[in-house]
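This is the structure I want to talk about, given as structure tokens.
First chain written, first letter: the chains are A, B, C and D, and each begins at residue 1.
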Amino acid sequence: MKYSFKNDYSEGAHPKILEALLRTNASCQAGYGADDFSQEAIALLTEKINHPKARIYLIAGGTLANLTIISAMLRPHESVIAAETGHICHHETGAIEATGHKVHAVPVTDGKLRVSDISSILAAHQNFPHQVKPRMVYISNATETGTHYNRKELNALFRYCKKNQLLLFMDGARLANALTAETSDLTLADISRLTDIFYLGGTKNGALIGEAVVICNPRLQNDFQFHMKQKGGLLAKGRVLGVQFTELLRDDLYLDLARYANAQAMRLKKAFQDKGIKFLADTFTNQIFPVLTHQQIQKLQSGYDFYIWKEMEGNRAAVRIVTSWATDAEAVSAMIREIENL
Amino acid sequence: MKYSFKNDYSEGAHPKILEALLRTNASCQAGYGADDFSQEAIALLTEKINHPKARIYLIAGGTLANLTIISAMLRPHESVIAAETGHICHHETGAIEATGHKVHAVPVTDGKLRVSDISSILAAHQNFPHQVKPRMVYISNATETGTHYNRKELNALFRYCKKNQLLLFMDGARLANALTAETSDLTLADISRLTDIFYLGGTKNGALIGEAVVICNPRLQNDFQFHMKQKGGLLAKGRVLGVQFTELLRDDLYLDLARYANAQAMRLKKAFQDKGIKFLADTFTNQIFPVLTHQQIQKLQSGYDFYIWKEMEGNRAAVRIVTSWATDAEAVSAMIREIENL
Amino acid sequence: MKYSFKNDYSEGAHPKILEALLRTNASCQAGYGADDFSQEAIALLTEKINHPKARIYLIAGGTLANLTIISAMLRPHESVIAAETGHICHHETGAIEATGHKVHAVPVTDGKLRVSDISSILAAHQNFPHQVKPRMVYISNATETGTHYNRKELNALFRYCKKNQLLLFMDGARLANALTAETSDLTLADISRLTDIFYLGGTKNGALIGEAVVICNPRLQNDFQFHMKQKGGLLAKGRVLGVQFTELLRDDLYLDLARYANAQAMRLKKAFQDKGIKFLADTFTNQIFPVLTHQQIQKLQSGYDFYIWKEMEGNRAAVRIVTSWATDAEAVSAMIREIENL
Amino acid sequence: MKYSFKNDYSEGAHPKILEALLRTNASCQAGYGADDFSQEAIALLTEKINHPKARIYLIAGGTLANLTIISAMLRPHESVIAAETGHICHHETGAIEATGHKVHAVPVTDGKLRVSDISSILAAHQNFPHQVKPRMVYISNATETGTHYNRKELNALFRYCKKNQLLLFMDGARLANALTAETSDLTLADISRLTDIFYLGGTKNGALIGEAVVICNPRLQNDFQFHMKQKGGLLAKGRVLGVQFTELLRDDLYLDLARYANAQAMRLKKAFQDKGIKFLADTFTNQIFPVLTHQQIQKLQSGYDFYIWKEMEGNRAAVRIVTSWATDAEAVSAMIREIENL
């Protein structure tokens, strides 16, 4: 059987998380997020973000987080701006539109949204009241193409948003990977200061399920649990989320897992670079997108599973290689040897 | 600390389920329900329902199941009929209305919907096209008040629905408790024959999360996964659901757990009956609703946690006592002694 | 052919309105409500309501007004309380639910909502966050059963709403009939002071189409035209609404038409009373609901068209008789003779 | 005061239509489209489309028609493909998304959608079930940029749609202008054969309000009036629409009005062409888009009102000049003289 680099949710949970689920299993707890473990996880995260006024909620999944947050924050005539590679644009089956809101998909090259992208959408929506009113900016960090934002970029986006009555929402399904990239200068505390709302993903970083939503802007905090319940994201056994996030946050396991995943991706990246192979974008997280000939792809596919991401000129294609906390370092070494032989 | 009879989701998962999660943890699997474990769970359930044409999907939670199913099945002008005690009426924060559909809440005494309840709604909605068009009947089994349907009742409902172009949907969050009630004559095979769609609940019967949705009516099966994904109910790590349901279904663990829960409730019921205490409804599943004086309630509350369900005449109230697979038989024995001393 | 008392929208427009449409037809005007006539109508109404901070919008129809207002004012988890006879409950094909909001339908006897009706709904929705959050109270004035509110009642409702963070919305499809009832003590100025939002109906009071929405509460005024456009209620030829409302408001034609309609209904009411016939409710607007034997109904139906409203005990039924600005006084006289002969 | 070429809804109604409203005003009619005039209009249109199985409904406006049709035809996970210039993309304040559906906006140069545009969207949406499912194709005829489809083009679109399980919907707000363009080879009968659903606009062709929706595909006809009512598009005084469409259709007044509007636009087009001025697109309906220098624009604006449509290179801009049934031929002659002097 081939070794898979297809995604970062192919295995179960990190052993420490499963152990914690076992250890806490018999404890009798209140439902719907009122359990001790959820409270502990929230306390741990509150400390790390250094933002005592923030409100934190544990929710069952990423699409649920996105649709619940966006529909809770917008009025019916308001819309959200996103990079066209953004998860909400093309990988959630119209989840945002299903709650009634238009998503403006901006073409981008590296998955990142810039101030000029936002301002061009605002400029094109001045025909009051015949057009929707852009009200929220959605960014992913790390992005779906493996890149990440730095502090200067995030600061510029946030300042622009505040000047223009826009809310800034960061999808952090792979936030730990962004924070631990060797090129990153952002911390959780920065993010809690430079966004209105964000979440820290668990599913793609060693948990079975779960994302931790942080509402930084106090004006947006009211009644959020109603929205979670209405959309189906408030688990009866909220403890399942609480136990996992407590484990991820205590001793910064979440950073260790992401750092490991990134490191494995960087080992592969270097191997491709050493062969003079180019990439779709220069990434430093757990996703790399080398551009290979179809012959090279075929050769690698004989031993490894990964997605062909984008057909390109010259009989080549960018492929997506994803590592995770569960990636076998030996398998990476073996693949590096295959790359050297390409 | 008091022993809790507040609900059936206060503990984690049944040990066999956690063991299975541990055992399968390292296996590399496809995402979004295409994993081997989900396929195995589906194969097991397909056999038990004796309905080869049914299609089965594992979904993350009960409210998600309800809102995904109902919005997937109805056109915008169609509505759903439910008992006013039904979960979708008052305990899901308007989840169904949020997808655009009216819920007709019919007053009932024992949580069960009858043909006459449905026909009265149909009779009151004949003013074409100024009123919604009732198109679906929602029933819970076991109901939120602990009662359950028998075969004759379900048969009557289904026949009426088919005659009147109505879809019959059974919320089975506590279906195993209904099937194993000593007064039950229904099987999963009956239910797959006498409903258009139903689900078998995991969350309240020993799983961490998860419900197994069975679409019996072939005309309703098309594209269901699109709806699951759009509403956020399609887990990246679908394996978490697959492993749990495989465990629950293999060797009928789901029935054993429910039977045990019911038995503990029946022990308590008998103790109340022996004291001449009446009930809100005569129930045979894992929920009982004895009507007590406030003095009696206070006395029991000194050692046990449970909800006061409904204030009643004569300074009395119905309380809700819920047992589960995790209920301690010793604690039940101790409470029985307290009841005897009331 | 029988004379019809079926409703108050069976004829076209009052002649003065048609004349105004003819007179202004060739004038070249801006679209979407920016025309001179709409501005004139708004200025006239602003004066009458004595509320300079109110904002007024002309919208194409009653269901459009209801669904646009309610969806614009509520967040996704908020709901609206209405009398079960309210138009939004049973005569708009789920228009409100289709925008995502639950409607609480309160049983009432005379079409009017009282403080106790509202408080009972609030009391039943305290299970945070598992239930919707009631946020708006919808009342019709005149009601669908022909009754109307007086100042004391409206004052009590408004004060209760303000104490409980509820918005008070008055559907005024037949508001002129309420204002001109002989038992009325309310003025437009009162209503603009004692509601958050209301509308003055044109369709049922001599216009071809149109309702004038008045947003009294300044915090609700933002961006309302976006909602109108999104829901399809912002007419390209907004002038059609402007011309009609200018005509209705100038010289208080709207009151004259309603007063005439009421007077014709009162003549019929007196005739029934003189025969000792009872009514479903004691009404003073343009709708009466005498309770007749089926024999009496049959006799009257030989010459007149009207709806049978509600079957009642003793082989009797309440019928609905509606008059309008267009009702022929001679036809009323003729029917009175028929009533005398019953 | 300047003469306006800003749009085709600046005046009231064609005199014949107002006369008909006057003539029929006193007639007592059933409400909600059951009146004699609506029936007559439907009979006239049924004959013209030569499609006895089609079902026709008169609805209050264009945005209402679009949102009602699209939401009635699609299931929640289905989407609609449109040219980015399409009215539903940028001029209806997210009306379609507000009903829950994604709109794919395809960049086009002349307002027209081609088979290759549709196939590229289909090709990009094969990631089942993570993406919406394109199900409907929306085209405008005439388009928002003044062009129109010919029979061969429409035939190609319709055949492609049928092969790919797509519904073809034609927004005909300016359909009469398309039909009477000198370059047109399409008839109403063709359109009823080559679309699943379309509408014939009244508002922009001499009526006060109203569009006639034609559902050609019998499988889509069920329950359409429920949707009209729910969305607020079913007028109580449906007669207002019936009278107007009867007048427009009888003796083909609708074609005469459109032909006149087109002719005036063509006179202006020729004047621009004679000066060597280019156009954004080569149009033959009532909208032309000459590309002028800002100096030329300023000169023309001293006597005429029109919109600047699109800034272009070389200090130039395309302007939009719209004619209508109400355009004064003398004013056109005067403007032609101004153009000659540019």
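Keep in mind that, in the parts below, a residue touches a chain if its C-beta (ideal position, glycine included) is under 8 Å from a C-beta of that chain, and two chains touch if they have at least 3 such contacts.
Source: prediction; values computed, not measured.
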Chains touching both subunit B and subunit D, listed by label
A, C
Using C-alpha centroids, which chain lies at the maximum separation from subunit D?
B
Which of the two pairs, B-C or C-D, is linked by more C-beta contacts?
C-D
Can you work out the whole-Å distance between the CA centroids of subunit A and subunit C?
50
Can you give the whole-Å distance between the Cα centres of subunit C and subunit D?
34
Need the CA-centroid distance for the pair subunit B / subunit C, whole Å please.
43
If you look at subunit B, which of its residues touch at least two other chains?
76-77, 92-94, 98-100, 129-130, 132, 226, 229-230, 234
Write out the stretch or stretches of subunit B touching subunit A in their complex.
4, 7, 9-13, 15, 18, 21-22, 24-31, 60-64, 67-68, 92-95, 98, 203-204, 208-209, 226, 229-237, 239-240, 326
Subunit A - residues contacting subunit D, complex:
76-77, 79, 90-94, 97-103, 127, 129-132
Residues of subunit B touching subunit D in their complex?
32, 71-72, 75-77, 99-100, 128-130, 132-133, 223, 225-230, 234
